[in-house]
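The two complexes that follow have chain A in common; it is paired with chain B in the first and with chain C in the second.
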Partner chain A sequence: MTAYIARRMVTAVFMLLAIAFVTIALFFGASKDPARAMCGKPCPAETKAKVSAYMQTDQSVVWQYGQFVKGLVAGRTYGEGAQQVECAAPCFGYSFPNRSDVTSLIGERLPVTLSLALGAAVLCLVVGIGLGALSAIRKGGMVDRFSTGFAMFGLSVPTFLVGLLVVQVFGFMLNVLPFSGFVPFSESPVDWAWHLIGPWMVLSFILAASYVRVTRTQLLNELSAEHLVAMTARGASPRQVNRHAVRGVMVPISAMFALDVTALLGGSVIAEKVFSLHGLGDLLLSGVNESDLSIVVGVTLFSAFLIIVGNLVVDLLMPLLDPRIRRA
Partner chain B sequence: MPDPVLQVEDLSISFTTGETTFDVVRDLSVTLDGGRTLAVVGESGSGKTITGRAIMRLLPRGAGARGRIVVAGRDMLAADERELRRARGADVAMVFQDSMSALSPYLDIGAHIAQAVRLHDPSVSRRAARARGVEMLERVGIPEPADAVRRFPHEFSGGMRQRAVIAMALVNRPALLIADEPTTALDVTVQAQILALLRELQQEYGMAMLLISHDFGVVASAADDVLVLYAGREAEYGSLRDVFEAPAHPYTAGLRAATPRLDARLDTGGERTRLRAIPGAPTSLRDAGPGCAFAPRCGLAGQVGERCVVEVPLRSRRTSGTTGGAHRAACHLDRLPSSGEIAR
Partner chain C sequence: MSIAEIQQAEGRRTSVLRRFLRKRSGVAGLVMLVVPMVAGLCAPLLVRLEGQDPHTFHTDLLDPDGGRPLGALGGVSAEHWLGVAPVTGVDLFAQIVYGIRSSLFIAFGASILSIIVAAILGTAMGYFGGWVNAVAGRLIDFMFGFPGLMFVIAIMAIVPPELPRGLVLVLVLAFFGWTVPARIIGAQASAINARAFVEAARATGAPPGQIIRREMMPHLFGLVVVLFAMSLPTNVSVVAGLSFLGVGLRGDVPDLGKLLSDSLPWIYSGADVWYMLFPGAVVFLIVFGATLAGDALRDVLDVRTEDAA
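Take a look at the complex of A and B:
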């Protein structure tokens, strides 16, 4: 088991290094010039060249990549003399527009994304499994018809539209919810939750749709499963049988959930934009807008890392939940 | 004479979908003593399986049973939920056709058997219950039972799985075993082994067995009595010998003629015989007309005339009974002509 995890982690490191290369190559492939954004409004070629050299973006992609990897291991120094900037190892890059290294930028934004992701994930689980289960139990009933429509809507409507609708309805028309800003949990848990209800609603609505569908299908399968009839035939009570049915639903749901949580933790660009939350998604977006290579690479790597870890967790979790996978 | 283990009187089973209610089984009556096997035979949709399930009150939602079902002295249709739970798995157990889907994919074989034990005697420890599982697996002929209890259903072959299902059903020594097509999903050689095992355990435990099957070969090798169902009604009922050698219902005769026999040449004095299929398709109680449900497919209906189409034949006693037991058939003809004329 330990060997397996170790092997997966080693693979993950190489995968991340490859992702870093692709990201850097794509960044320059899109003919982005970080120096252009930094050099100011009248930007004579001479100044631009200096800025470029200072930011070390005047070199080839391969050289950039080499510096990036070197920075991870040994740290990186930009410029010299009074303008010298140190980025200690492991250095994921230095953001000149923000005058800060990427690691601390991600660290600053993480609480926002974390709050957003975890709340949305919990809400999505409750709503998705709840609605899905209710519609499976009363198949064809009112709840079922409502939640089928709900799921269809959630799957087909883009996040920004739901986001703007929530802001419009709850923020402006009903004026019951704040529609922007973030209050740290440590400052006031109530305000923290109050400010996040909107974005939680939006994200979980979009996500819950697939949970409704999976829960409903799985539970319907389980409820008509012969092995549950067999269990009743052995003398089990409906409660014992139902508890068993739940297990069959939990297997696919937990796999989905682990992957969705990691995706959420990587930042939600649209929801953060709509609700003016400064999380990782917002950081990534600003990095792209300001041609800030270090931020783009840093946030991409962070998200990729989470997804790799999420997959590993799923792969380790599934055999525990489903013995059929254990010895396959 | 002790009371029969299973007594079914005028059992009708109906389904309700939306506004409509219709019967799928009507007026079945059988009795079954300990140590004996009653085979329920019929085509798909004739009501065999639902009858077996009704006896354990395992009907799907929307289905209801009327009449009387007494298993080991307990009136199953009058029993409340607690009493039913006490009966299921202890007085009456079931072996399902598809052992794969009848086993939970998330539990190992030992957990299944332990569950059956502990549901009826919570005082047994988990360990002791699993030990009973090992014993039971050994009894049904699973090699290395101590190792096998830890395996999961998908790690067993079909035959081994069916043995495990039998072990599970018999661990509480039920008075009645309902075996719903227990060998249908298996290879022919494995079929014979499983049937032999069932018979052996039946003798050992003195239990009654309701064997649901569409396979006359299986029925011939295992049953004492036979109940032939057609479209949810009894077509014929009697001892195996009576029903097989002197079928009193054209449907039974037709099924016999449609069954391949290895000794066919001997039977007909060396002549080649062809298998004769029953023309037409099976119907259901719901779609059957006012008369005999089999009439549209019956080669003899012409001999009787109108009556077959307008009047449901009542079960009537036949004198052909050679074994002394009851032999009855639901046909307007009192006596069938010799086999050659039956099929159309």
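Take a look at the complex of A and C:
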């Protein structure tokens, strides 16, 4: 078991290093010069070279990669003397147009993304598993037909369409929900939730669809499995049988859930745009629109980091939930 | 191929079509997909029939105060079938049919490209197994580490402006689209590779090319078609989503996602809902239709796609 954990962790670290390398090589090796945007207009070659040296974008990609990794672990310093800026560890780069390190920019946006992700995840889990279980228990019934259609919708309709409809219906036509803005939880938990109901509905609708499907198929599989048929035959109550069936359903659901939460934490760009929330996705978009490559690379790698950690968590949790994996 | 085999193969093909046509949801989906597709293909014709073009401003049809279209349903009339856009007054029908064109063109391109790559790689993974399978499997694991949509958006920041953005979108989407299909095809191909008839072909001394072409590919064909059908709606919504975020197509190319993105302030204020509803309905038709059709096709061809992914 220890060897398994150690192997997974080493793989995860290597994955991260490799993804960071590809990302940095792609973005800082690209023809677009990050110094160009910073040096203003007109931009004499001499000034540009200075800016470039200050931003450390004149160095080779491999060197920049080394610096990035070093920055993550030990922090990084740009320039010297009066112009010197420190970027404390974990340093995801420094945004010169914003005069701020990317880590604190991410930190500013994280509460929004976190609120969005956690609420949507909880809602989607409740709705998805609930509908899935109900439709498996009464297969072919009203709930089943409704939730199959629901799942079909959620799996295919683009997020932005659902978002626009929610804004239109609840925000404008019924005028019951605010459709933009964010209130920090610490200020007023009620207002916080009130402002987030719209985006939560949208994201959980999209996500819940696959939970409905997986719960339904898994539960049907479990309930018709031989050991549960045998249990029923021996006179076990439906409650006891269901309790055993649930365990088999929980394994794939928890794996899916962990991955979805990390993906949501990495930014839900479209929902943020529809509801004008300034989360991580919005930060990435602003980086793209202002050609601020430090932000682009920093946010992308932060998301990648979350995804890999999420995968690692799943890999480590699965053997605990499922003895069959433990033995393999 | 013997005559009996050809007849049998053709017999199967007609029965697949017939079985598909018996599925109501599949047929409904196909219609939902094909109608906008044909409209997109015939865009110049339809727009000429309407007597408009996608770029002429019709400011006379707008409320001078605020710029919203005059008249019901966002200015729907005999001249402007789906009304006009706010602020500029360009014809919405023309914008939408031309928009379908660019969106579908990119989505089809990306799906075709990614499925071709997936089919070649997956077949190779299945046939050769061993280190080919291991290396490709690792590569796919590695690709899964990238934060999909975030990375695609990020890449759009460094695309040189002189490159055609449509082509870039096709390549970028294909680059991230091949992984899951390749894994599914790979699993299927290696299962086929282990079956007796492949073993028999190998025993008769058939060269690898022939085994792949004659023995394995016919069994993978259905799966490949289904994977293509399933990737299409995803790509349509991603293309529209990217334009919606302002990182898709640029310039004055009509585009469904761009229309939806432009409609955002008009639904916040409730001033012109139709500006969102018309293009939104078209995106919905295409995506939902393609999903329904893909699902029906999967049932008809009896392909399982859930495993391995």
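One rule holds for everything that comes next: the second predicted complex is superposed on the first by the 298 of 328 C-alpha atoms of A that agree within 3 Å, B and C clash if a C-alpha of one lies under 4 Å from a C-alpha of the other, contacts with A are read in each partner's own complex, and residues count from 1 in each chain.
The criterion applied here is as follows: a residue touches a chain if its C-beta (ideal position, glycine included) is under 8 Å from a C-beta of that chain, and two chains touch if they have at least 3 such contacts.
Values in this document were obtained by computation on a predicted structure and should not be read as measured data.
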item	value
Fit-or-clash call for chain B and chain C when the two complexes are aligned on chain A	fit
Greater residue coverage of chain A in the superposed arrangement, chain B or chain C	C
First (chain B), second (chain C), both or neither touched by A:226	first
First, second, both or neither for A:204, with chain B first and chain C second	neither
Which of chain B and chain C A:56 touches, first, second, both or neither	neither
Partner chain in contact with A:18 - chain B first, chain C second, else both or neither	second
Partner chain(s) touched by A:294 [first = chain B, second = chain C, both, neither]	neither
First, second, both or neither for A:156, with chain B first and chain C second	second
Touched partner set for A:286, first chain B, second chain C, both or neither	neither
Which of chain B and chain C A:98 touches, first, second, both or neither	neither
Touched partner set for A:274, first chain B, second chain C, both or neither	second
Shortest CA-CA distance in Å separating chain B from chain C in the superposed model	19
Parts of chain C lying in touch with chain A, wherever the complex brings them together	141-142, 144-147, 149-151, 153-158, 160, 233, 237, 240-241, 244-247, 257, 260, 263-264, 267-268, 270, 273, 276, 280, 283-284, 287-288, 290-292, 295, 306
Chain A - residues contacting chain B, complex	225-237, 240, 244, 247-248, 321-324, 327
List of chain A residues in touch with chain C within their complex	15-16, 18-19, 23, 26-27, 30-32, 152-153, 155-161, 164-165, 167-168, 171-173, 179-180, 217, 263, 266-267, 269-270, 273-274, 281, 284-285, 287-289, 291, 293, 296-297, 299-300, 303-304, 306-308, 311
Footprint of chain A on chain B - complex, ascending	56, 58, 81, 85-90, 93-94, 96, 98, 101-106, 108, 115-116, 119-120, 152, 154-155, 168
